[in-house]
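Two complexes, one shared chain (chain A), two partners (chain B, chain C).
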Partner chain A sequence: MRWRDRVFLVPLDVALFMTAPKADLPLLEVRNLRTWFTSEGRVVRAVDGVSFHLDPGEALGIVGESGCGKTVTSLSIMGLVPQPAGRIMPGSSIRFRGAELTELSTRRLRRLRGTEIAMIFQEPMTSLNPVYTVGSQLLEAVRRSGGVGQSRRQATRKGVELLQEVGIGDPERRFHQFPHQLSGGLRQRVMIAMALAGEPSLLIADEPTSALDVTVQAQILELLHDLRRSRGMSLLLISHDLEVVGEVCDRVVVLYAGEAMEVGSLPQVFRQPAHPYTRGLVGALPRGRGRLGGLEPIPGSVPKPIGPRSGCPFAPRCPDAEARCWVQLPPLFIVNDERWSRCWLEAE
Partner chain B sequence: MSRGPHPDSIPDAARMKEARPLLEVRNLKTHFTTRSPFFGRSRGVVRAVDGVSLEVRRGETLGLVGESGCGKTTLARSILRLVEPTEGELHFDGEPILTMKGERMRRLRRKCQIIFQDPAASLNPRMEVGAAVDEVLRVHGLGGNARGRKGRVASLLEQVGLHPEHRHRFPHELSGGQRQRIAIARALAAEPELIVCDEPVSALDVSVQAQILNLLVRLQEELELAYLFIAHDLRVVGHLSHRIAVMYLGRIVEEAPAEVLLQEPRHPYTQALLSAAPALTGEEGKRRGSRIVLAGEPPSPVTPPEGCPFHPRCWHPDRDEACGRVVPGLKEDGKARRVSCIKLETTSKDSS
Partner chain C sequence: MDRGQEGLGEPLGPETFLLPPEGERGDDLAPSTLPEVGTEDGGDVRPSRGVGLSLLLPGLPQLLAGQIWLGGALIILWVGLLATVVGRWERVWGAWRGPLDHQVALLALVMALAGVWALSLQHLRRGEAQVGSRRQWTRFWRSFASNRLALIGAGAVVGVCLGALLAPFLAPYDPATQGNLLTHRLAGPSGEHLLGTDQYARDILSRLLYGARISLAIGLIAVAIAVTIGTVLGALAGYLGGRIDSIIMRLVDMVISFPRLVLLITVMALFRPSIFIIVVILGLTQWPQVARIVRAEVLSLREREFIQAGVALGYSRRRILFRHILPNALAPVTVAATLGIGDTIILEAVLSFLGLGIQPPTASWGIMVADGRSNLLGAWWVTTFPGLAIVLVVLSFNLVGDGLRDALDPRLRR
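Now for the complex of A and B:
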């Protein structure tokens, strides 16, 4: 391969420096994020040294299988890591518009959430309060973000506008309904409307369509795409579904066992994966090419991130693993301008 | 156990057996009556399955695809009589299922097995998985004495890709994929001819999902199993089905050989379903723009629309008031395809 002769071995921080983001300052910059949990006296390294950046207006996907740390990554950014079991370890850095979030006071962090950074989750029913109408919950979001000077009438108008913006037909009627009267797709639209109330510059969407049917999923993905364009909003999309990420995102971080295995632009990463794990994921995906259209599973299963670790976490399942992989964790190697891969294969 | 010559040994019967489908479903309807929580007054009828006809042949996989609430799971359960169908006919190997009782029903239960989406929910958490497989053998009187059964359990575990020492594990000590393998081993223990797979890989990670799909394909080849494979993901279904049926609101809207259905879907709903699937890379030519995005969500099966169940969401340019009046039937359309759309009937008539 041609890019092989462009591969250098560089320390992580230098690597990050070299991948100078296109805009002057990235909106979000996560460096060496380690979020560990203590469970029954054992340390669970849910996220163990993840780094990436997100430019203004960009859509970044974080993809990985269950337990890879993708949700904990997003909770860490939002400052919502469950306490006291979880802890963002010293040395981790999360910068939003240059401000260090890990050092922010709870109060300032709370002000940031819901205004500058908003988040939507997989199951809207668990985030919506079943005993309040859609409208009253939406108003809460509008008023909290819009300051105190707003009258109830103004806030209501804003709320109805938001429902309209997220494509809810007959917004006045929906405004007065309860969450259980809405379908799953509509509930997710309401969640998005609430997230938009604070005019966020970053929307974190954690598996936003995983509980929805394909035809409804297509609607929501389309909506996210349109909103991103109309509002110039950045999107951090967390999903186990490679295809959802491939559809929506400009770049992707592939996580495995709390480590970023491959980072790069789409669709190149999925078209020509550099890391054996990414290659495995793509190969294991049924592509609708008809019966037995070549499906290559990755042997074994996802490891539990418990206890001390040595070597590459993917080594036990990797077809290309060599002796070194078992003892030493590879750094993120630069594959080319837009791609890094955490694999010793790149060192050759 | 067997008395007299087994029907299999008679050549004519054998030929009959080849010709007739293993499972035949004719106009099956399963309706549920919903009652209001007060006074038990009847509130409405949920037409979960509303006139489904299909066939599964020996050694064949029929894929059944549909979105949540379309009735695919109710159909699966009705076939095994885990819920009693309201109307229609069911034949397994030529024998009517709905009138079966006692010993014959038990025999049918052995030959038709089912695996579910969440293997953790179908395994006893306090039972070693080896014992769980052994239980099936004991219940059906298979595998002989304790020693014989022990050997059979070991070979079943091996057949589904587990080690014999896994038998002493409890379900929580296994990964999701391994638990699904145990569920499959339990199904195989009964020596079935048909396995109904209800979303067997939907809860699994991609890398493990592929393992289970390949395992199911291998077992089918080795044991000549027939599968009724139910899933919401057309591509998963496409991977192992010979034929695919698409279900919408209790009815089948299109059925065709897998390649035909995936490459040239004809029903507007099938087309939308295929087009709605997100694309991994741009190369499928499905990047935003050319996609069919359906409006709204499937209507409730309590108050299905008049006429074609799909017409309120239909995007087809030819849709008109007739669609809201006429209930389309499943019509043959060359290429071993059946489609249920009155507009397609007229266009194919015009072209021929």
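Now for the complex of A and C:
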């Protein structure tokens, strides 16, 4: 049976089953993730029904405006949702190598961090401890994951190798410097080296380049791309910038107001966005130099995910909104076998 | 800002010495530094000649280079220490086989001499190697040194500490031995007794020097106890939060709300006053301030990105708290501790003054003030000198504390 070019309306679980990844088991499978926060008695649905999967060695991008739940999604995977305000709601499922992360004890989750799943953050300037040298922090990361039987010398050698691997020139000198003596790009490289110390099979990069200069940004993205290739590691890249994701990723998840709006392979999403929101995002990209006229901002702003949910969250800003968009949330429709879209337009 | 630091971080080669000192400073970094301090980079002194001079008389090269304060202080210290050795040669020589405090004093003397020497040489060489961790300290030192009052306070603290340690050599008489009660009772300052004698014909200068040991020891140990308890409890409260936080902070409120002096007087009345009890009680009533400071620091530090990064690397909570959060919270603790020493010294003096602290005949500044109270009109020196000593030491510690706060704060904001 051919799925291509046909549109079906199917329940989500069946959809997931039908679009099962090519490899036997995805490395990471997030299904119907809902992470809610309680603040001042009100419930904020930061993430509300996000599903995607990530194959071994694959790079997946998560894009969306600020406040759409990108970071909370990554924190949920890491088991780092701020307690007690935040909670992963029952019915959510995060499977890593087949193990259900939402049911793991804190201790076992902690063992997983740094060794299986590592994460780098947005602010390289403040992500290193100012009172220790680069080397001592790197050693700490190496020794934490390298087992007990490692001598200090071995660990040091591995630390210097890691610095080399992330493209830091003169690693021996950098090893003995303090974070404040390094530039932002170098610090981000050190962060990546620390994340790699545990040989993780999944690296989550939460806005890794947003705080950097454009030239440095390109270098870091290239580094991430190379590392993924050379290490066969999966990459989950979170960014508000479609172009950043476009540099590195194979597939992309478009988040809006805590919900996955569109999932698809990158060229497809770029060339033929299925969802009106994605269309808006792609339309808002500057194409070529000085062609400001080509920019098409999406009118309005992201709704506050507070209070009862009714209809499609994008309906107020959608150019193609119909009557039922305001009443009923569309399910994820399968556009073709690698592509889902949460829009009633696909039902026709 | 980064670029400015890099510029400053260039190792200063020999040719830098030819430049005017202002030229080598990044102007964005030290706007608050006084011009005199700028010359501290040791621009004009040739290292080779400076080292030779330094071996002869530490501080002389600095003095010749126009750094009057540093050079003068080093020379005074050096000369004073040497004068002690020469003037009290028999005591110094016999200290090896003497009682424990004489041995400690000898050790302190040797270390002080070596320290002055090393400081002078180190200061001369500082122009050459300013890489890595040193630079942080250099910047901290510049900021501290630009505060003249703090420097004076630090000098006074060092002087008092040396005086206390070297008391067996410096004191002209035994602090507890009574002189001739007929001829030397309440004798005024004279060549024989520089600061006079008290009503038991004991030498006031000797008692002051030995009293400094008591005051400083009690101040330091009590604050050490307070800092230990306060840091641990404050860190736990700030990091764990929730119920543990509430319990610890209510305990803090409780201890703080209790009038310290009343508590001390009660406890002293219950037990036989001893140095041990005083130190413990002073320490046990001082920790809440430290705990509050540490808790506030930890609360803000644990939200910082590098802590999040540590958590994401799978570090244990203990490791995060003690290896990553606490070292970053130590600056305000240092300030609080320095200021706390002054408070503690005053409290000990008050207790001793009331007769509830150190018991006679041990010399303590509080007791000395109390002893002279009845003869205040006839023999002003008996109260005045220990009183001045208390004021001087407490003021010095407060000046140093203020200087530390000013020097450490910008570093934290970075």
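Going forward, the second predicted complex is superposed on the first by the 339 of 348 C-alpha atoms of A that agree within 3 Å, B and C clash if a C-alpha of one lies under 4 Å from a C-alpha of the other, contacts with A are read in each partner's own complex, and residues count from 1 in each chain.
Going forward, contacts are C-beta pairs under 8 Å (C-beta built on N, C-alpha and C of every residue); 3 or more make two chains touch, one makes a residue touch a chain.
These numbers were taken from a predicted model, which means no experiment stands behind them.
Contacts of A:L128 after superposition: chain C is touched, whereas chain B is not reached. By the document's definition of touching, of the two partners only chain C reaches A:G198; chain B does not. Counting the residues of chain A that each partner touches, chain B and chain C differ, and the larger count belongs to B.
In the superposed pair of complexes, A:S183 makes contact with chain B and with chain C alike.
In the superposed model, A:G41 makes contact with neither chain B nor chain C. When both complexes are overlaid on chain A, the residue A:P90 reaches neither chain B nor chain C. Annotation: chain A residues 183 touch chain B in one complex and chain C in the other.
Within the complex, the chain C residues that touch chain A are 2, 5-6, 9, 132-133, 136, 304-306, 308-316, 323-324, 327-328, 414. Chain B meets chain A in the complex at residues 67-68, 175-178, 205-211, 213-214, 217, 232-236, 238-242, 258-259, 262-263, 272-283, 287-288, 291, 293-294, 297-298. Listing the residues of chain A that touch chain B in their complex gives 65-66, 183-186, 213-219, 221-222, 225, 240-244, 246-248, 266-267, 270-271, 280-293, 295-299, 301-302, 317.
Within the complex formed with chain C, the chain A residues making contact are 78, 80, 110-115, 118-123, 126-133, 140-141, 144-145, 176-178, 180-181, 183, 191, 194-195, 197-198.
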